[in-house]
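Taking it in order: structure first as structure tokens, then the write-up.
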Amino acid sequence: MTADEAAASAARGTVVLLPVGAFEQHGPGLPLATDQVRAEAVVERLADALGGAAVIGPGVPVGVSPHHAAFAGTVSLRPALFTAVVREYVESLAAHGWTRFLVVTGHGGNNAALGVLAQDLLRDRPDLEVAWAPVTAVARTAVGELETDEVTGHSGEAETSQMLHVAPHLVRRDRLAPGTTRLDEIEGFPRLGRSVPQPQVASAYDRLSGNGVLGDPRRATPEAGRQIVEEVVERLGSFVKEWLDL
Amino acid sequence: MTADEAAASAARGTVVLLPVGAFEQHGPGLPLATDQVRAEAVVERLADALGGAAVIGPGVPVGVSPHHAAFAGTVSLRPALFTAVVREYVESLAAHGWTRFLVVTGHGGNNAALGVLAQDLLRDRPDLEVAWAPVTAVARTAVGELETDEVTGHSGEAETSQMLHVAPHLVRRDRLAPGTTRLDEIEGFPRLGRSVPQPQVASAYDRLSGNGVLGDPRRATPEAGRQIVEEVVERLGSFVKEWLDL
Amino acid sequence: MTADEAAASAARGTVVLLPVGAFEQHGPGLPLATDQVRAEAVVERLADALGGAAVIGPGVPVGVSPHHAAFAGTVSLRPALFTAVVREYVESLAAHGWTRFLVVTGHGGNNAALGVLAQDLLRDRPDLEVAWAPVTAVARTAVGELETDEVTGHSGEAETSQMLHVAPHLVRRDRLAPGTTRLDEIEGFPRLGRSVPQPQVASAYDRLSGNGVLGDPRRATPEAGRQIVEEVVERLGSFVKEWLDL
Amino acid sequence: MTADEAAASAARGTVVLLPVGAFEQHGPGLPLATDQVRAEAVVERLADALGGAAVIGPGVPVGVSPHHAAFAGTVSLRPALFTAVVREYVESLAAHGWTRFLVVTGHGGNNAALGVLAQDLLRDRPDLEVAWAPVTAVARTAVGELETDEVTGHSGEAETSQMLHVAPHLVRRDRLAPGTTRLDEIEGFPRLGRSVPQPQVASAYDRLSGNGVLGDPRRATPEAGRQIVEEVVERLGSFVKEWLDL
Amino acid sequence: MTADEAAASAARGTVVLLPVGAFEQHGPGLPLATDQVRAEAVVERLADALGGAAVIGPGVPVGVSPHHAAFAGTVSLRPALFTAVVREYVESLAAHGWTRFLVVTGHGGNNAALGVLAQDLLRDRPDLEVAWAPVTAVARTAVGELETDEVTGHSGEAETSQMLHVAPHLVRRDRLAPGTTRLDEIEGFPRLGRSVPQPQVASAYDRLSGNGVLGDPRRATPEAGRQIVEEVVERLGSFVKEWLDL
Amino acid sequence: MTADEAAASAARGTVVLLPVGAFEQHGPGLPLATDQVRAEAVVERLADALGGAAVIGPGVPVGVSPHHAAFAGTVSLRPALFTAVVREYVESLAAHGWTRFLVVTGHGGNNAALGVLAQDLLRDRPDLEVAWAPVTAVARTAVGELETDEVTGHSGEAETSQMLHVAPHLVRRDRLAPGTTRLDEIEGFPRLGRSVPQPQVASAYDRLSGNGVLGDPRRATPEAGRQIVEEVVERLGSFVKEWLDL
């Protein structure tokens, strides 16, 4: 997109889609950039589905990942820094006329920082409308149908399936290996955090899983990934259409 | 508690309970300090239930409330400031030997800031264990049994019931009045945020409700409040006992 | 106070009274919250004395106490953080129409931070009028009449007397014990700071006193406390009345 | 790259290549992401040339571009924020064992912020070695051979040539148009900044050029772009080899 | 002083004298730099009096002066910035071995910021000893002997006398003019701040005095200035000698 | 300059000259304050040359010098702090009506921070015009004529010559000694930074030179210093005259 095209798009009142991710361990079989790859894949499909009603802004390839810091390659921004970066994107684009922003995060660890961002913008920029959504959790139907063990999540069935659908060339299928799948494999305070919905607990992943994986990614399939991604795109698309009165 | 008593408590390995709240509008019938009153009430009962295993630290009487700023009397801290205050509490107490902290928030608007705090501490102070919990949402059984309208929440049935139980002298019963109770009373972007679980949206309360209330507080009863508070205390107590291997 | 009452009070041009304190060691006989207890006691009596001309805002229960950090239980905010919190209170309330603020601090360690706050507000918010006062030092007549040793101050005669008056149930009378009472009990740089009015020096209290006390709290009486508190309320009341042209 | 591969690479003492760019106007014919596209193209070729001696870290797709803010689509980070982001990358990777970092910036506007970063790291992390380089200016031979007008630079011959070489599908050749090519087209303070090497001046591009272009991009050729890119890769490769004693 | 001399001085355990001032209006007859001129004059005489026991560090020529901002030429640092600058001086010099610092401020408006600095250093650098002193207030005997009106202070008798002694060529004697000399010349909130010692109040000087002066500088004499400066040097000298056990 | 004179100067549209320097090692023969001494000397001569068209603002006697921290006496501000100080000067003076600022830095280590400042002001204060210049590098003709060794620079021929011209009483001629003069005296990463113009590298001076000097200051002459200073004043004077259309 050139500057002229940006000017035209802003004038049409489009929604800006901002894909944000993480650069963190994803077990032995997935790349460090997994979350950004999935966020961008969703955002591209969503922009296609919405036609000229949405435009893709710059991404944030590194997110808030202190819980993965024990695993090599993980790069993490402090939450306040991540928040500041997304805010600068939003305010820069608002100066050109955009007022609606949908942040799509491939990484759940960014949720709190995005929540804080929304509160800060509510105070300082009440003229803007900002929504944010994770990827996997939006596909509650498709994810609900996956067969999983007692413990599942990071780099597990759902996430690996998405990667097999959107970027199969980046998946080392031969190295996919199960991580923690039962609650009794976890000890101490981190286990407590997995046992009840409240209180909440932030746990380092090296205390949750030896290889950084929760669940069994060998069960992942491209078809399950396709269903998840399509449901995400469909739900986010409906949201944007209602937003824009389309 | 004196300094000598603090030294003895820290040496026993107690959990520190930190009650945090808000200073914000709670409709025509509840006081601005409602969230802090409820958090302190829970924390006092929890400390009693846990005997010498827990100790109450200083509170934070003002929380993150930009969404209520249009209503008189609301005082709000920026999320980063709220986070910094709680962090100073935690680090000051950690210097005296405490390592376990449970933050009880009477205000849901503090959740994102507490999530960010937990991530920052995971990075900088991996020797500490920090958990955080709201009040109302912990009592999922008792709250699930309340009869409510389509829209309910802030200053509604659950919150008013708690106040009737823990601080009835602060409730202006004659002024309790229903707020927004149906989705079709809300318009535009805020309505979108109430319609689907994802994407998330931060909305100013003056766009959600004319009097700042969601639901009908006239349905509140001291008995419902008692059940909610007791369930919260029971669930948090179980959590702490498992934490301390009691 | 509810939101409606806040709106009415702000419209009347009331002064907001903000009680700030500390959460720090106060020797073997006084509670950690002593300074906040005294500040709130003064503010409540002052609000009563002023009738509808003043309103009580939220408090700050933790202050700037790095000099007490060696004693268990002490919680301290960095000065910049303390300043930011009070500023957020002031600016939040100013948004609802209040323009006059009187901060009453039970803790002398907050004075520098409050001085800085006043300078920052003078620059950024020249439309506001902010005054601040300690508690004990205001009662110069009553305090001048106390019989004390060469060294007196923190947790000593004046402070303990106030607590015996406003919150006797929180005083462990049987544990009250004298601290440092003579200059020659102090050594090195901290002694220098106590010998001359200028230059000023910040000293850690563990270098000033073994039990954290300066003076002999056993001399404290409820009657002396009553005289101090009444003089403070009277002087601050006169100040506010002249401020409001009452 | 997976976490296991990252661990192996760090253990080998590889140099981390960090491509940083900008998201800013590049005239009517080049995309907003031009600088990041070029930085990534150089970094990929450089990593290939260096074999296993270098590894590519995460990029920063938005840079310091306040001088382009008047043109639609431009997104800019404050210098302090940009510096903080790159620093977090460096410190995160240093925690995994890397000590050598080469930042390649496709955008000259990032140079001051990178200089500041290097000074901060020299103070706080003297154990790390950080070098940084722009793209175009490194190819002093190839760029010196370009035929240009009196004024050239942003989105001009050199930059457009690079894009025609590394990402021709992103260039709107039919829209390429000359911008400012003579000094007498510029007025006032910005002109002063272009006339002498010292003092330096920061100028908004809307005061330098109507379409945001300096020079005539129609003269650009893929062949010139190839020569520039190859010279950059060759010079940076020599630098890294000497660094690693290869 | 060269680097070698600095190394030798630090090794001897000398006290570092840091002169800080202001760049602010001083009425029609004194220069903007008055406070820094006086601080440097005192520090130079003090260093002479102490022989090799003290060394002069870099100064801070601009201080915290928001209350003078309405008068042309006034330059002011925010308190937090001023504090940070002095802290960097202290920590830089501490890295070379110095542990004792005496800040001499020619400007009373820096006091709160210096108090905050001392508290921060007490927390973060308990190995350092930092004292700070104003100039005029230290000479309590000589200043007490001055004949003044009801209101005196900024750019008045004491300050002008000092300038006539240490830098007479910078004083425009013919332009010296009285400012506010009676309390009833001041109105409203600023007057309140001059009437009682507590509560404290920060007032803009344009509300205190039409020409920025408090008192009558025409009464100033070089002799009075000499007495003030000599008393300051004598008192600070005694302080330093006791500090160093000389 | 008094406040009244400042008001008159600002009203005439003068350029403000801000001399900034450093407080850092300058080898065995030059004082720590060398850079500030040179900056002030240039600024004074420049102000004289420009007559009433320029005015001298407050200086910054300490700069960004982490690379000299290993040498005693060096005091350094973090770049962000240095930037903030100069910005406060600029914004304070802008409030009085000045819009044009020329920062003259005697220390090259301040360049990146000044570049960042200019970018921040371009964003936040587009109504201001800010230029900045080093001292030595401006005199490209005079410096080009100096006879030097392969390596020269800090505290070498050019800098010492300037000091011999503007402040000969501060130069310890008998202690002037050559530092590093050949590239093969430097090892490792710092050498790499001296060998090629790009990539850039920040190196600690204790890895560049045993006595902190680059080049041979014994070759310095007052005459060479005079030529350098005059060329700087002449070039900066032309710049300012063109700026003001004189």
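Order as written gives the chain letters A, B, C, D, E and F; numbering starts at 1 within each chain.
Keep in mind that, in the parts below, contacts are C-beta pairs under 8 Å (C-beta built on N, C-alpha and C of every residue); 3 or more make two chains touch, one makes a residue touch a chain.
Just so it is clear, the model here is predicted, and its values are computed rather than measured.
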Handout entry: Copies chain B and chain E - rotation angle from C-alpha fit, nearest 5 degrees
Key = 120
Fill in the blank from the handout: Outermost chain relative to chain E, judged by CA means, is A
Problem - Interface numbering overlap (same over half, different under half) for chain C and chain E - result: same
Problem - Inter-centroid spacing, chain F versus chain B (mean Cα positions, whole Å) - result: 56
Fill in the blank from the handout: dist(centroid_CA(chain A), centroid_CA(chain B)) in Å evaluates to 28
Problem - Gap in Å, rounded to a whole number, between the CA centres of chain D and chain B - result: 48
Handout entry: For chain E, residues that touch 2 or more chains besides their own
Key = 69, 76, 78
Practice task
Classify the chain contact graph as line, ring, star, complete or other.
Solution key: ring
Practice task
Could you read off the chains around the ring in order, chain E leading and chain F following?
Solution key: E, F, D, A, B, C
Practice task
Give every residue of chain C touching chain B within the complex, in rising order.
Solution key: 1-7, 10, 23, 25-33, 57-59, 61-62, 69, 71-78, 81, 84-85, 88-89, 92-93, 95-97, 172, 175, 212
Handout entry: Interface residues, chain C side, partner chain E - complex
Key = 64, 66-67, 69, 76, 78-80, 102, 109, 111-116, 118-123, 126, 129-134, 137-138, 140, 189, 192-193, 195-204, 235-236, 239, 242-243
